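Two complexes follow with subunit A in common, the first pairing it with subunit B and the second with subunit C.
Entry: the complex of A and B
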């Protein structure tokens, strides 16, 4: 029997005071028209907004705007079954696409007064709080890898990274962080 | 870095975008009624404009949407971007004509 213990290990995250891995969570990718999205978010107890690049959060659950018809739903790890049941009831008969991407991605947190500078090492977006306020989220590129970037506080970013990029990205961030930390 | 204005997300670096070829090409309604030449023209023949060109772009590493853009192929200057289904903005067209007249 093959030894699969290596495959069971989480993606490697290099140690850095500015970057830390976040605990596993439930991730669902929902696509559909405005009324479908509104019904889904209402079922999850989240407010619906059509504002571009904005995330909404309520009691541990979040919906991140990824496109006009696309939301990334984040919730605590144990809520996967509860969430899919709620959505099945709310979306029965409505055209939609719901994909469980829980294990496709993992989350990193970039935190600290220099978080923006660190992310700008690989991400050309303007991360000034005026241009990228708290609550803004977007899909973008970080050192050529696609990520979802979400500003959860003035000096804290939530990063959704595809698993296969996680080791690469966390190493790049750790390397860049060496320039910033004393 | 070149900034491209996505009609949904606003100004973003060009890294996030992918070029999608010439815009406003309608697929023939009844392909089986087309002659081979008409079908080949629809599939393969594209304008090769020196100047303002209407193009499709996709915000691949962003909202994922296709949109249309008027771009000057000589200067890489984006005159306007607009959503799919919308006509090219008149103001940008006027600007384009003005540029043509002055050059």
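Entry: the complex of A and C
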């Protein structure tokens, strides 16, 4: 019997100067009350904050605030089983929902001094660093696709998009990039 | 001679760069910096178009975007023809090709002008008055003729080859207008560090100052303009957008801007977008939109060569163009004297200044007198002469009561300048729902308070002089920055300094009684005259909104920028009311026309909407699948082999599933993971089924109703763990079902400890269906016993396939032994191919949605949205068995208890068999009980699904029929154009009614 456990194939992403697909990673969607979330993040070695729309990162693991009871957990690809195990132990009898969404979405990085402008070709949010500082993350739209947008550095954004929208989204970004001065 | 009316020097054009262009094929030249209008006037071309209704010769009236009559088509190539562009806004470029409109065979000899002769018979509202009889003539005569005559300009027939772009932006202060007020405002606001966007519709900043020979003199500061512009251009927090029109003011300070990027270039870079539409969200909006000069209404006021006074001054001072050689100025204000004085200095003969006021004693009239210009006060114009160009005007003196008296005097001229004063541009302010107040001194509406965070500065609030407008802009800019939350120093905003600039009372100039019917135009673009408006008022119209629609005044693409106030004045006088009592029509976006392309932006062609594809899509493309759109998804509809027809392919695919094995991509099915200790309670409350009894590892067919009791969605639900359900929905229903679940959870059932996560895209779903399905999977699946005993129909098990983790469902939408393999999506393509390879010895056949539809219809399985239409209860669909009878409640239960939901006349799902086995009914066809009835009659039902079934060797159909289950065995009729088709009512389950195959 063939072993296909390494035969992963992500969705198509159109290449363009400011945009690159990020390598596969582990994604878990965690829902629960504040205490539950705090316990979970502690188990993963991440600081807990109730501040809205803020991401925390530590040693390659991140937790993105998507709602008062919701965190998107990102980690290196190989940590899926480890993370699931850690959380199962930490959360024990606490009410929560943990769902593997590793394959539901993929990540793009938009990087460069014009990243803000490029994103604003389709995203209606104010991306000025004063309004959308490093570490901020939110659900939003980019053209007609829903995304999670996370500013990882002044000129760098991490985008999470559902896999079937990745081709559309990357093509829109490639089209919009044509009008940016290099 | 080329450019005969170009001045020897002066203007803001670049005389070193000659630009060649053509107008109606005639080769002409202008200079860099010209507009098409200024270049035409430099060549003494005034006749540029024919009017909309009467085909009257028309020329350039204004020097700006308010232009109603100099509309031209600009042609770059067959696909790039833009009609109805205002020549006053078209920037000249090398090789520009301009064409006049609404004329045949030529501009000078226009056959359509005959409608001008018929004009006494086509008054306002003539559509409503004539063409009433005979009624049938509408279809074959009136409407086609009217349509052929209607419209202005011709739309290009090819697809638009240009691209358009979109941009969202935020700022502290958005300043609309780059004249003295706007520039000063931007400068003042920028000092606070505010984020600023300044937009200006023209190519250059400066506004009215561009029409001054010495802007410095107008401001008392020679360097102010260049210094301010330089400062703004270099400011890191200021974005200056020229060639950018603020076309609409939307709620919460969202302003639409249209930026024209390549329109002015001779050779646009095809990679660059033609236009960019901005959606700007501003904390504060500052409108410095200026004012528009108002024409005067008098008989024959539309001949080429009759211009607004300020426009003629702009052509002279900004473009170095004389609009004529012998001019008459008609005015009701001092300000317009500047035009006569400037033209006089440039060598134009001023044949007369006709001032309708009894006296003209200001500084400017005095200057005119000193210059020896013949000045007639207390006079009116009673007519003009000339055909393709004005040749003279006739004036008459006004008596003390303002009535014309004595003999008319003819004054020869080739240029008439007119000015009825200025109308502040309150369009955007009004779109912001700001209230307007009538100002008697200015004879104009001025902005009051806006409910939005908006303020006005400069001429758009009646502060007309450049210096006063600059000071007003400065304080307004600082205040806007302060209100946007920035620290500013002390500022003083003076109350608006409304100079008594003088303005004509809007309306028609006094005319002698019993005058002949010579047209005095109010709306140049829609050819509305003062008589049309008076007629509407006489016929009983009182509301200005009704009069607007009846006469079409102000309804052209210029939106009545120069006409509305005069129309209002005429109506007010006719019905004996004051102007503010008559009120204003609504200002609507766009301020000037905006291209459709700019609204479409990137959403064109393949990017019109997201195209969602599954992990198996590429494989299906490679196999030659034909796709269909399901929502945003592309789904493989069938897989034709060797040029097969769809019918042949579907028959083959269906038979493979029934006899060996089929492979189907079900990845688009909606999936929702319902998790939490109250998950089962949640499911019980939501779905009609009972979930408490569903064991872990088992599946159930779930039905979801709306609260009105009608079927909303359906799908297989699997219990993965005590506190975890894997819910599937229809492909199209995934988003709305999740939204409905969240709605109940967040508003009604806050008590439940349960969470929802969409997993639609987490899983690739590979359906393996058919008697050979188990054999195909046996060699691939690990950790799961596939036997019927261990994994019976409607069960689920975790496991692995080729080393990939999976959830294996034993379910069937075909009626055959079936499995649905759920694997993480990145593995979808590889696992699919592995299953396909393993299945080839067993005759595995990929099948598409069309075969899936046939297979499920053979089994009588409904498709929500096809066999249901939002008025179908579970019982109607034959699914009452699914309801948990002992449940106290579920969404829709109470509605289902209403008697009407059980009435004997409800439509029920049945099967239909045609008498003729090879006739396939049309889906949607109506059903009647009696072959003899003729329309109109009440049908008793309709066909919802209809296919040819290769398995059964005949056609089958599902239908909703009144009291259908009581009609089993009856013959009904489906009336079709070729006659009635007789059908027999049967059970909707056509194949394997005992279900032994799926339980195999």
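General observations
In this section, the second predicted complex is superposed on the first by the 171 of 182 C-alpha atoms of A that agree within 3 Å, B and C clash if a C-alpha of one lies under 4 Å from a C-alpha of the other, contacts with A are read in each partner's own complex, and residues count from 1 in each chain.
FYI, a residue touches a chain if its C-beta (ideal position, glycine included) is under 8 Å from a C-beta of that chain, and two chains touch if they have at least 3 such contacts.
Only a predicted model underlies this, so the values are computations on that prediction, with no experimental measurement involved.
For subunit A, the partner with contacts to more residues, out of subunit B and subunit C, is C.
When the shared chain is aligned, subunit B comes close enough to touch A:138, but subunit C does not.
By the touch criterion defined above, A:97 lies against subunit C but remains apart from subunit B after alignment on the C-alpha atoms of chain A. Of the two partner chains, subunit C is the only one that A:29 touches; subunit B does not reach it. Of the two partner chains placed around the shared chain by superposition, subunit C is the only one that A:171 touches, whereas subunit B remains out of contact. Of the two partner chains placed around the shared chain by superposition, subunit C is the only one that A:121 touches, whereas subunit B remains out of contact.
When both complexes are overlaid on chain A, the residue A:68 reaches subunit B alone and has no touch with subunit C.
Counting contacts as defined above, subunit A residues 124-125, 144 meet subunit B in one complex and subunit C in the other. Interface residues of subunit B, counted against subunit A in their complex, comprise 1, 8-10, 12-13, 15-16, 61-65.
Taken together, the subunit C residues at the contact with subunit A in this complex read 163, 165-170, 195, 271-273, 276, 279, 281, 602-603, 606-607, 609-615, 632-633, 673, 675-677, 753-755, 757-763, 779-780, 782, 801-804, 824-831, 834. For subunit A in complex with subunit C, the touching residues are 1-5, 7-11, 24, 29, 31-32, 69, 95-105, 117, 120-126, 128, 131, 143-145, 162-165, 167-169, 171-172, 175-176, 178-179. Across the complex, subunit A meets subunit B through its residues 52-53, 66-68, 70, 124-125, 138-141, 144, 146.
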